[in-house]
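Here is the structure we will look at.
Order of writing sets the labels: A, B, C and D. Residues in every chain begin at 1.
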């Protein structure tokens, strides 16, 4: 069992969100943040780095938004639904923009972009699932 | 002249955003992130910390969103308007929620909350100004 | 297979670090960052929050250092050993300080602190293992 | 007066660090983090981006370490000298590595690297001053 779930199960108060969707979304945010950081770095090591500038930029943005969102979702004390909602919307947008760009390069043989696109799509879906649950 | 403006003036390409509003917003995001981090810490040092739990939690969220937003706005290469817009909307929400809570405690004699409320209000306004300019 | 390993296996250049230790350390940094963020939040929900102020503070520091370290380690391009080393040393210190404090409260019945202490100990060990490997 | 100083002046407890050096160091950490984020972005917009890969990588690391250090220093509650010391040491290393690389490119006509080198040098010095004061 992941620490995320263990921490949630030892949380001292009730919380109003579906715990499976919450754990999945927090974990997806951290996984995607890390994949994006690694993808930006891998792009910098490619000979054709000049063609990957947009990918590197979106990777950096997506990592930042995913980390902020994962941290906000991890906080259940004095939960603020508007805060969670706008963070999730920003995260869905970041994962969508970055996922599109990575998928494009993944289809042209950049394997790390293909893996990162998967991480972005998973995170986008986990955010959508949680957003639906809290609306 | 701040580094933010100097860096923008030496940026090698054109960018489509009003530079005064952009510099003001980036600086406000970092200032607010720092004020919120300091306010959470000051709240932890108050005897009545149990009454400041919501403030500490919103401070932490607001700092995270402001930093992510400040970093995204600082990137002008392959600018993605949707990314900027949703980040700004999340930041406006965070500054509004945190600013309301801090203002409340500021009015009851918590001076650090009063200062932090100012930082939140300034950042919220700078984000609104930039959001209007890019829409 | 985690994204961390998949990303590393599709990295386009050679890198000079043991890949098992590197993957373990990156994952441990993100896991610990998240556990600490959740522990700080759980502490804020405890009735005896006033006795958990030190824990909340160290949780926040440890989360920040772990995230910075995880991100630095994820970057293998133009690898800078001194950067990696000092980041790992700061991370070992943060995990040690936070782990001690969490372990103390875990032993007194705060279950979330007990889980967080485990995450801190694992991360500290993963950092030590990697530091030994790169020295 | 900056928010950093106002927040420190309304902090409810005593703290054992020289306040001028503390404020200078926190502000320098945030300024340097932002300059590095902007420099990485400006490098990505240069035609010769392939020659700036090391600079982009060190910019990213330096921004991460500066933010973590700035946040740790902003927390005075239950101050942990070992935490502050190792964070400052990592920050000095990051600013030194990144400052060297930026200075090199600044001397070859990359103006944004020259400005960023200044931000790195200032932050390195502010960290050294504070480290001396707390040792």
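Just so we're on the same page, contacts are C-beta pairs under 8 Å (C-beta built on N, C-alpha and C of every residue); 3 or more make two chains touch, one makes a residue touch a chain.
Since we're looking at a predicted model, the values are computed, not measured.
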item	value
Length of the shortest touching-chain route, chain A through to chain C	1
Chain whose Cα centroid lies at the greatest distance from that of chain A	D
Whole-Å gap separating chain B and chain D, where each centre is the average of the chain's CA atoms	19
Centre-to-centre distance between chain C and chain B (centres being mean Cα positions), rounded to whole Å	27
Multi-chain contact residues (two or more partners), chain A	41, 44-45, 53, 57, 60, 67, 71, 75, 77-78
Residues on chain D engaged by chain A in the complex (per definition of touch)	40-41, 44-45, 49-50, 53, 56-57, 60
Chain C residues touching chain A - in the complex, by the definition given at the top	2-4, 6-8, 10-13, 26, 30-31, 33-35, 37-39, 41-42, 44-46, 63, 67, 70-71, 74-78, 111-112, 114-116, 118-119
Chain D contact footprint on chain C (complex, rising order)	53-54, 57-58, 60-61, 64-65, 67-68, 71-72, 75, 77-78, 80, 82-83, 85-87, 89-90, 92-94, 97
